[in-house]
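By letter and in written order, the chains are A, B, C, D and E; residue numbering begins at 1 in each of them.
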Amino acid sequence: MTPLVELRKVSKFFGPVISLKDIDMKVYPGEVHCLLGDNGAGKSTLIKILSGVHKPSEGQVLFEGQPVVFSSPREALNQGIATVFQDLAMLPLMSITRNFFLGREPRVGPLRLYDGNLAARIAREELLKIGISIRDPDQPVGTLSGGERQSVAIARAVYFGAKVLILDEPTSALGVKEAAVVLRYVVQAKARGLGVIFITHNVHHAWAVGDTFTVLNRGRSYGTFKKEETEREKLLQMMSGGEELEVLAVELELIAKRDPAGAAQLERRIAEELQEPN
Amino acid sequence: QQLRIVVVTHGQASDPFWSVVKNGVEQGGKDVNVQVEYRAPDTFNMVRMAQLIDAAVASRPDGLVVSIPDASALGKSIEAAVKAGIPVISINSGADVAAKLGVLLHVGQEEYVAGQGAGKRMKAAGVKNALCVNQEVGNVGLDQRCKGFADGLGGKVTVLPVKLSDPTGIKNAVSAALQKDPSIDGILTLGPTAAEPTLQALEASGKLGKIQFGTFDLSPAVLKALSEKKMDFAIDQQQWLQGYLPIVFLANYKRYGLLPANEIIYTGPGFVTPQNAAQVIELSKKGIR
Amino acid sequence: MVAHKDERLHPLSPWKRLLLRPELGSIAGLIVVFLFFAIMAGNTGFLTWLSVRNYLEVAAQLGILAAAVALLMIGGEFDLSVGSMIGIAGTLIAVLIHPDYGHLPLGVAILIALLFAMGVGFFNGWLVLRTGLPSFIVTLAMMFILAGANIGFTKMVTNLTIVSGLGDVVAKSSLAHLFAGSLLGLPASVWWWLGVTIVLSLVLLRTPFGNWVFGAGGDANAARNVGVPVFRVKITLFMLTAIAATVVAAIQTLSIGSANVLNGQGKELEAVAASVIGGCLLTGGYGSVIGASIGSLILGMVQQGIVYTNIDTDWYKVLVGGMILGAVILNNYLRKRSMEVRR
Amino acid sequence: MTPLVELRKVSKFFGPVISLKDIDMKVYPGEVHCLLGDNGAGKSTLIKILSGVHKPSEGQVLFEGQPVVFSSPREALNQGIATVFQDLAMLPLMSITRNFFLGREPRVGPLRLYDGNLAARIAREELLKIGISIRDPDQPVGTLSGGERQSVAIARAVYFGAKVLILDEPTSALGVKEAAVVLRYVVQAKARGLGVIFITHNVHHAWAVGDTFTVLNRGRSYGTFKKEETEREKLLQMMSGGEELEVLAVELELIAKRDPAGAAQLERRIAEELQEPN
Amino acid sequence: MVAHKDERLHPLSPWKRLLLRPELGSIAGLIVVFLFFAIMAGNTGFLTWLSVRNYLEVAAQLGILAAAVALLMIGGEFDLSVGSMIGIAGTLIAVLIHPDYGHLPLGVAILIALLFAMGVGFFNGWLVLRTGLPSFIVTLAMMFILAGANIGFTKMVTNLTIVSGLGDVVAKSSLAHLFAGSLLGLPASVWWWLGVTIVLSLVLLRTPFGNWVFGAGGDANAARNVGVPVFRVKITLFMLTAIAATVVAAIQTLSIGSANVLNGQGKELEAVAASVIGGCLLTGGYGSVIGASIGSLILGMVQQGIVYTNIDTDWYKVLVGGMILGAVILNNYLRKRSMEVRR
């Protein structure tokens, strides 16, 4: 099976900054590919290359087996690659509906005018599906809460993503309930045969939906692992680079504090909480 | 019922020349007891001026005074005023077209002719290569002054465009021009705005007295320079009369049907020279000359 | 439209809802300005039909420009060269149809001027987008270039800085009526103004392109990321602005019968002021075409209304400034009072 | 013991929007007070009132027992209330160091000039403590990754927070390792006797460090619970309205994916579960 | 400073590091402009000391203004009234010290003008911050108000629009030398320029206040949230700009010996242009005072240099525009090439 998208030895430099170096990656249809890694590892940079925002400095991007160079996000979108960016790409002064359809407006009539009513209806429906009941589809996005805003971005990408859905930390600002809905979306998209690239720092979320895991570290790839081949604990360890050790260190530090007894106890609890599988 | 006369000209209220015209208008209003209003666009702008005349006509004044720097632009509006039965007198520019447009009479004189006078005067002083300092390129009145000057002089005339709102820029542009072409032996400035910085440039470069230096229009500083022989002449159109006379004429025309028989009343050009400068100074300080 | 109840919402009166529209706040400013002059100058003819026509004509020329400039501002860009564009397009048309110089039919002359304007607009936009330089500085330079080229060209052809004597040509051409004629007692420019405002307002609010304009102005990067062809949108807006300037130039030149190189100077700031009075944000992404038109009407009324009062011209500008300030403050106050919810 | 900060019947309206209604809340020294709730529940609005950004529409804020009205965030800061805002309050074009010290610059010399060297050193140290090694303290914040940016904001608040530390979803964009460091900070601040208000959607994080939990729902308070009085599962249920069910649902769905026929059916079940009143 | 290695960094040459400074890119523009005139007009006196002094003086007056305007722009605001401020402060000083009108000592006159300017600056800032209106429109209105008040006031007092004949007063006052004298062959204005640039540059880069300026301009909301007294910062900047305008007015009035009501008109845009050429962002939060000074030097050199060339003066403005465009494009290109890392 040819992968839906493939990266071959892709690197990206920003002036003196080496953001990505020699990344290989394949995403197949019907696969949820989790992209993991520390802050600043290069995950967002990688998906920006896939969605046409950046051009790779070195290496090649293949889409459905063909080498492509997206000169704009519009081209990637036209190929069916929809992205939720980490900074959401929302216009704060624009209404929810217009934001939802920005760049892909529904048209009506012989003059191919913007179909505001249809747009408002669809936007409301799609947002209801994700669990957000908006007060007024004409409300400017700037007045939404962080999570509401993220939900709008996700609903939009899901609605327009035809072949590949890229989600850059979609659940970071979401409530528990809303996050669950997003995870469900990921699974639905996968069931529809889309390739999904899912970036998260939450190992529970990653483990719940991921089929494949690629771990980045400081711009380089640690490698790609199938779910079958790995374990949750191993993944956690890769994500955190030996978290246990740190928690231990924290504990030691706290013992040296004023209220050693209480602190140590608390600390131990932290350690347990963080490791405890659900 | 007090008479109301509106004056619309192409010279903004901030222009030294036109501010004297306006003073004349106001004095005229006081002397013959009529209400006067002076209107002008912010820059030389025929579109704006036509609109102002239209508005003036709509306000149904008892008389209208206009300057006509561009007959084809303003003709329609002036004719409309005449058609509406408003007596119109033109001032400053437009002597050649006034009668054709139905204007009662013209007070003032062509800029071109005045420029020519300056040119001839410099020619007589032996000037061959002169500079014409224009502080508002595109203002047709100023263009015509330069053109008349060039024709009157018959020698080489270079136009130096400067910004009227930047005296230092004017001063330095003049001194640069003098430095670039040392053979320049005459300078004509088109108003006191440019004359005063030019005087400084001449002083700074030590060419004062070696270069014939004249200007259009008066100001206290110009007159002082004249009386100190730092300048050679200033062209005086007695523009105060261009403001004063039409008000008096219109008031008398409206009240008694009286009007001078001349079609054109010339107010200039008069030349103020070091000889007669002193007596004008006090009047200039009062904004009359 | 939305018959949706939510316990997290206070009820909002329809009157307040109306004030939420960016343009409607400025109507209050308009009313105040009108009342001011009606009281100050009602007896000297300000309230006559002639006067109405007079300030409508002034507002119209500004309004045609401001409608396009507002769109450009909503799209996040500035065009300071638009005033000089009026000047050069005007003398270009005048020279081309002048019996002494161009001898061309009016239609051809206007076409040439339009093509020239579109070229300049395209170049402005292309430069801004290619270099990433702020449009302020690029179009400021273009303002100088066009003004200078205008003087140079006009003097070269005519030896003067004015091209006059078009009366006969205009009278003979039926096309000229489209720009300089009148209909139902109102000059053609007022109809142009109405048409341009309606069309551009519809474009802004009812077409995908309008949506893109908001997007490109609000955050060009975000808009690009969701697939808006920002480059194309902005270039189109620059060209549109240049076209509007040419239309104004044609109206001015043909109705006056002459063109001066200084025509249009300062109009760029007036158009921006009209847009801002009408609720456009200078930073882009927000505003309305209708608001800009109302802003133009306010400015036109102030400019012409003063002629009817007997305020000394020396203080004229104080009044203009004061009225502008008063209008925007009122507008802003009303809008804020009723729209704490927005932004 | 007088609470460090106290809210009494606080409400906040934005035009027609009722963002908060009649909230009571007390935060004591040495306490980590978790503020929980769905997206749009009003958590950020609440802490903006505490940090001087908004003024309450109704009700009263007390600081150390005294009624206060902060007319600017600067006043709140001067009282020792430091906040990490959800939108971080960072200047993208400004360097890391200058952002770190913005508003509270270290001064040096008789002219009381800005002490750039000291600032750079402290910023680097504080960021290293949180686990971020910056390349160059003069780098504009706009070029940092989301997580890096968040770390800078947290480091800043921790450094300047003298009495109360308010963290609005501080861990949302952080990697596992960095999040652990932040939790450690929270515990440290508590040990130093600070009152900490901690907003999160992650129940693990909340449970790990929280002593008291206030749950908001659509602008109203569900009430405040002590850790001793509640259980983790109950808290989770309050936060999410039944997360377990969802995780289960997701899991089921995953299985069903290989059996497309049953997918739709499962969908329906999930929907039911999500609507089910808890 | 930073002896810190990171494998995620390419090495960056010191030359490139230099180009990263916002002001240094504009030096390239300066060099190109200089070379252009040196080649075009080297033999007609452009390279003489006289000419250097000549363009330095023009640049200095703009530069004093631009330094303050740049600070204001970095702080996220505009001041279009600064040109009219020069005009009114100039006539105010002239009237107050004039032997026929004010009779006041120069020091007192300048103090009064300064207080007036600070009042206007305060009012500008207060209005912008209180109403939340864009500074563009508020100061545009103020531009009209000041220009009008200037004409009205001057005509009321003197019956003229030009206040001249200060030569004797200036010659007698030793304080006048501070503004109109010269030192080491350079006019006082050049030294003022140097001083203002250095002081304001230090304020921007080396004081907490400077940091707040960047903050207030970059994102006033975020800055306020972290405790920057945005209100105070911006008001101070508006007042500083008005003070700079008054200094320029004093220099102009005292060195020319007369004041015209039109003085300063258009300087507001020139100052903004100089700042932008020097790397300031129109949206605020980024820029440099030194850059603005270099921008002023470029503009001054272009303005004066053209007089030395043999280019037909009709086309003068085309060249001005072209040179501005060329300078910013070059500057921008160089900066971008070496600073892809910065946005």
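By definition in this document, a contact is a pair of C-beta atoms (placed from the backbone, for glycine too) under 8 Å apart; a residue touches a chain by one contact, two chains touch by 3 or more.
Keep in mind that what you see is a predicted model, and the values were worked out from it rather than measured.
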Smallest count of steps, each to a touching chain, taking chain D to chain E: 1
Farthest chain from chain C, going by mean C-alpha coordinates, please. D
What pair of chains is linked by the largest number of C-beta pairs in contact? A-D
Would you kindly tell me how far, in whole Å, the mean C-alpha position of chain D lies from that of chain C? 47
Return the distance between the CA-based centres of chain B and chain C, expressed in whole Å. 33
Averaging C-alpha coordinates per chain, one finds the centres of chain B and chain D separated by a number of Å equal to 72
Chain C residues counted as touching two or more neighbouring chains: 8-9, 151, 281, 312, 314, 316-317, 341-342
Among the residues of chain D, pick out those that touch two or more other chains and give their numbers. 14, 17, 87, 135, 143
Pull out every residue in chain B that's touching 2 or more other chains. 13
Partner chain A, residues of chain D touching it in the complex: 14, 17, 37-41, 44, 86-87, 132, 135, 143-148, 150-151, 169, 172-181, 183-184, 187-188, 191, 201-205, 207-209, 236, 239-241, 243, 246-247, 249-251, 253-254, 257, 260, 263, 267, 270, 274
Of all residues in chain C, those that touch chain E in their complex: 80, 127, 131-134, 136-138, 140-149, 151-152, 155-156, 269, 272-273, 276-277, 281-283, 312, 314-322, 324-325, 328-329, 332-333, 336
Of all residues in chain E, which touch chain D in the complex? 1-2, 4, 6, 8-9, 205-208, 210-212, 214-215, 218-219, 221-229, 281, 285-286, 341-343
How about chain A: which of its residues touch chain C in the complex? 51, 53, 72-74, 77-78, 83, 85, 87-94, 98, 101-105, 107, 111-114, 116, 120, 133, 135-140, 142-143, 156
Show me the residue ranges of chain E that touch chain B in the complex, using the header's touch definition. 41, 44-45, 48, 50-51, 54-55, 57-58, 61, 83, 87, 100, 147, 151, 155, 158-162, 164-165, 167, 189, 252, 255-258, 260-267, 303-304, 307-308, 313-314, 316
